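Both of the next two complexes hold chain A, though its partner changes from chain B to chain C.
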Partner chain A sequence: MDALIQFWAVYGSLLNFMGINCLLGLSLYVTFSAGLLSLGNAAFYGIGGYTAGILTTHFGAPFPLALVAGTLMAGLAALLLGLPVLRLKGVFLAMATLAFGEVVRIAALNLKVTGGAEGLINIPVITQTWMIYLALAGAAYFLARLHRTRLGWAFQSIREDETAAAAMGVNLTLTKTLAFVIGALLAGLAGGLYAHLNFLITPGEFGFATAVNLLIFNIVGGTRAWYGPLLGAALLTALPEVLRGLGVTAGPIRLFVNGLILLLVILFLPKGLMALFQRRPAPAKG
Partner chain B sequence: MNVLGQQLVNGLFIGGVYALFAVGYTLVFGVLDILNLAHAAVFTLGGLMALWLVQNAGLTIWTAFPLAVLFAGLLGLVLDQVAFKPLRRRPDTYFSGLISSIAMAIIFESLAMGVFGAHNSRFPAGTVPVVIWRLGGITITLLQVEILAAVVLMMVALTQLLKRARVGKAIRAVAENQHAARLLGINVDGIIAFTFFLSSALGGAAGILFGLYFDALSPDMGRPIELKGLAVIVLGGMGSVPGAILGGLAFGLSEVLTVAISGTSNLRDAVAFTLLFGIMLVRPSGLLGRGRLREA
Partner chain C sequence: MLLEIDGISRDFGGVRALDGVGFSVEQGAIHGLIGPNGAGKTTLLNVLSGITPPSGGRVRLEGREIQGQPPHRVAALGMARTFQHIRLFAGLSCLENLIAGQHLKAKRPLLPRLLGLPAARREEEYWRGQAMDILELVGLKARAGFLASALSYGERRRLEIARALASQPRLLLLDEPVAGMRPESLDKVAAVVRTLAQAGMTILLIEHNMNFVMGLCSRITVLNFGRVITSGSPAEVSCHPEVVEAYLGAAVCHA
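Showing the complex of A and B:
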């Protein structure tokens, strides 16, 4: 029992971060599964976090209500953003969502209600580890089920070939918007949970670096099934601790190992680390 | 009036550096349709290398500058060989290229931190003699003039190279159609490697000038300019060299004018990114559209 308490004291916050990052990985995974390269999910994460945090801190709202409000706010932002930007493809969509993310970050940096550069402080610490993992389990279950639904197939068909999907009667605008909004909802939920974990949130946590991290989780883990991003997020979040265990504490080496893993995966394992766990592709079922 | 004039002049100089950075960025996109997110890391390493040459090797900035630019160009070759060439035949080469460039950016940044230290540094005093002119209340320094001269010189050289030189024509041919270029006997891989060399050399040069102008260098100095450079090339039209030059100047001016008008520097980046966002919605092909590199 003592060992367990000891373990918890040392690694409790790591487990929390891992859960949050897994949830974020899933949020981008949904958007990805419809072939959309979004760099805006970090901003949705921020919108969820700030909305929920402001509601509990400034307005004394109950935590569940704030969490729901943050989640919905992120979804609403995605809906409004998605209508104009989802016409763009590939790198252009990435840049438009990136610009949106920067605007959100700069807004958080300059607004009064968000606390500016110092961040939103005095957020009540409410989030428990079980809440994070409950949300994660729910999200993973939902996505695993979604994979075999009409909507899931529609996502995949768009990812494989947009024109063919449209020809088969898939409503592109609706389907893409749904993928974008579902991804944002998950990011918003992660944001609300994260905001109540640490007493404060700052604009820098929701910027370009985070957007790129979400991308890395997905690439390193793999994007062909829901557990890919979980693998990537868990591994990369734990990596600094593992390296510390190996006696590597210098920042540059950690960064270097991160970059190297990403490079090796994209060069040699384009389907991500999850490809290592799949023996061979299952025969197609009629 | 003088304040505004001074701001416009400052905007012109900083815009020139943005333009130099963005030209290299857009060159690779024009030829390969790949967004090279490691460009900002090369920018950083170019600046830090020049600093090292001046500070530790005791060179003057006049010898350190071309050496560091060469070094940045060689980094471009490394980028191409390690991160882009192996992916060239993949069906999703645009996407995987973007990812591997992110990986290289992280690796380069970690090397910059490991080799040069994570701290802020600056060129030793007197690297460039401090000479100040005042023209009707507007202050211009020798450094600014030199920066602008260097930028203009490199831009003209690049434009002429693309327009007239054999290798420049080959670059445009590869940008237009790789298969056709190969059929015509152009060494496509060699041309792409050269494009990376050129692009990274320009990026490194921008890093050195940036470091001189703001008198501050650090391993993460490339981060803000990475996003600004993106805004610049989108503004000018992805793949367009004249567009990147125009975009850079416009961007530099918009930054200083935002500061001058709003009175605070907080909104500087907001205007830029709102602009980028607006352009993506209204005219994703940018001001000068695509394909201008091919016409040069």
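Showing the complex of A and C:
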């Protein structure tokens, strides 16, 4: 029992961050599963976090309500952004969503209501570990089931070949928008949970580095099933602690090890870590 | 008439790829579309399936005007197609290609899935059976679990036809279904097309292999430089002087 308490004291916050990052990994996974390369999910994470945080801190809103509002606000932002930018493909979509991310970060940096560069402070600490993992379990279950629905197959069709998907009846605009919005809803939920974990959120936490991290979670873990990004996010979040255990404390060497893992995965496991757990990608099940 | 094409034009910048093309495809026919390279055959198929909007003219499918509609709407009205350069879902298995291809017919709603209701499983079993039947028709049942990218060239052509069939179309457009195939694979495709036509499906196909076209089609339309030279039975078309000059060469006419 003592060992458990001690473990919790040391690693409790790591488990929280792991859960949040897994949720963020899933948020990009949805968008990815429809072949959309988005770097905007960090911004949706920020929109969810700031919306929920402002509601509880400045307006005394109850936490569940703030969480729902943050989630929906991120989804709404994705809907409005998606209408113009989802016409773009590949790298161009990545650039447009990246620009959106910068707009959101700079807005958070300069607005009064977000607390500017100092960040939003005095956020009530409400989020519990079980809440994060409940949200994560719900999201994972939802996505695992979504995979075999009409919409899930439409996502895969678009990812594989957009022209062929349209010719067999997939409404490209609608389907892509849904993938984008569902991803943003999950990111917004993660943001609301994160904001109430820490007293404080700052604009830098939702910037380019985070956007790229989400991408790396997916690439390292794999994008062919919901558990891929979970593997990636869990491993890469825990890595600094593991390295600390091995006696590596300095900053740059950790980034080096991160990069090395990414490189090794791309070279030897192009389908991500999840390829280690299955014989063939995406087996046909009923 | 299942499909009526009337005065279809399409310009690409200063190039007129299609210039007032008009012909009709009868219900249940196997209709061939031939012509030299650059005649506008694939452009016409792209216009029909909504991928390229026409610059002018009308297309009616079962009396309904469809020109300028997006591809998914046209597909919903009962038109399916294959592509000259095969466009399969390479990362999915053969069976999964067909399951994805059932988009317009299989509802696969989310809620029963989330709740794990038996209805969801029954629906899945039904559509899986439908997909397997189509794979059997095109001779790919034994390949159901293979990745599409692992198939041979001829098999991929047939899988693309199978995926088009998964949406249960009334009109099937095939863009060079036997291009570059060995004779034995070619016969398999011909047999599939005949079976479909006997079952009442209408087929419009582009093909350069004259034996295949002449042996299979009940009517043929010849395009050259974006215009229809003639439409008629294989015998009429192969003896038409302009067709012989533009495309076939004199030796083909046996009339």
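Convention: the second predicted complex is superposed on the first by the 279 of 286 C-alpha atoms of A that agree within 3 Å, B and C clash if a C-alpha of one lies under 4 Å from a C-alpha of the other, contacts with A are read in each partner's own complex, and residues count from 1 in each chain.
The rule we apply is simple: a contact is a pair of C-beta atoms (placed from the backbone, for glycine too) under 8 Å apart; a residue touches a chain by one contact, two chains touch by 3 or more.
Everything numeric in this text was worked out from a predicted model, so none of it was measured.
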Under the stated touch criterion, which partner chain does A:Tyr45 make contact with: chain B (first), chain C (second), both, or neither? neither
Which partner does A:Trp153 reach: the first (chain B), the second (chain C), both, or neither? second
Go through the superposed model and pick first if A:Met168 touches only chain B, second if only chain C, both, or neither. second
Of the two partner chains, chain B (first) and chain C (second), which one does A:Tyr29 touch, if any: first, second, both, or neither? neither
If we overlay the two complexes on their shared chain A, which of chain B and chain C does A:Leu109 touch? Say first, second, both or neither. first
Looking at the overlay, what does A:Trp226 touch: chain B (first), chain C (second), both, or neither? neither
Which holds for A:Phe142: it touches chain B only (first), chain C only (second), both, or neither? second
Which chain makes contact with more of the residues of chain A, chain B or else chain C? B
So in the complex, which bits of chain A are touching chain C? 141-142, 145-146, 148-151, 153-154, 156-157, 159-161, 163-172, 224, 280-284, 286
In the complex, chain A residues that touch chain B: 37, 84-85, 88, 90-92, 94-96, 98-100, 102-103, 106-107, 109-110, 208-209, 212, 215-216, 219, 250-256, 258-260, 262-263, 266-267, 270
Residue ranges of chain C touching chain A (in the complex, touch as defined): 49-51, 70-72, 75-76, 80-81, 83, 87-93, 95-96, 99-101, 103-104, 106-110, 113-114, 121, 124-125, 128, 144-145, 147, 163-164, 166-167
Can you name the residues of chain B that touch chain A in the complex? 35, 82-83, 86-87, 90, 92, 94-96, 98-100, 102-107, 109-111, 113-114, 118, 223, 226-227, 230-231, 234, 266-267, 269-270, 273-274, 276-277, 280-281, 284
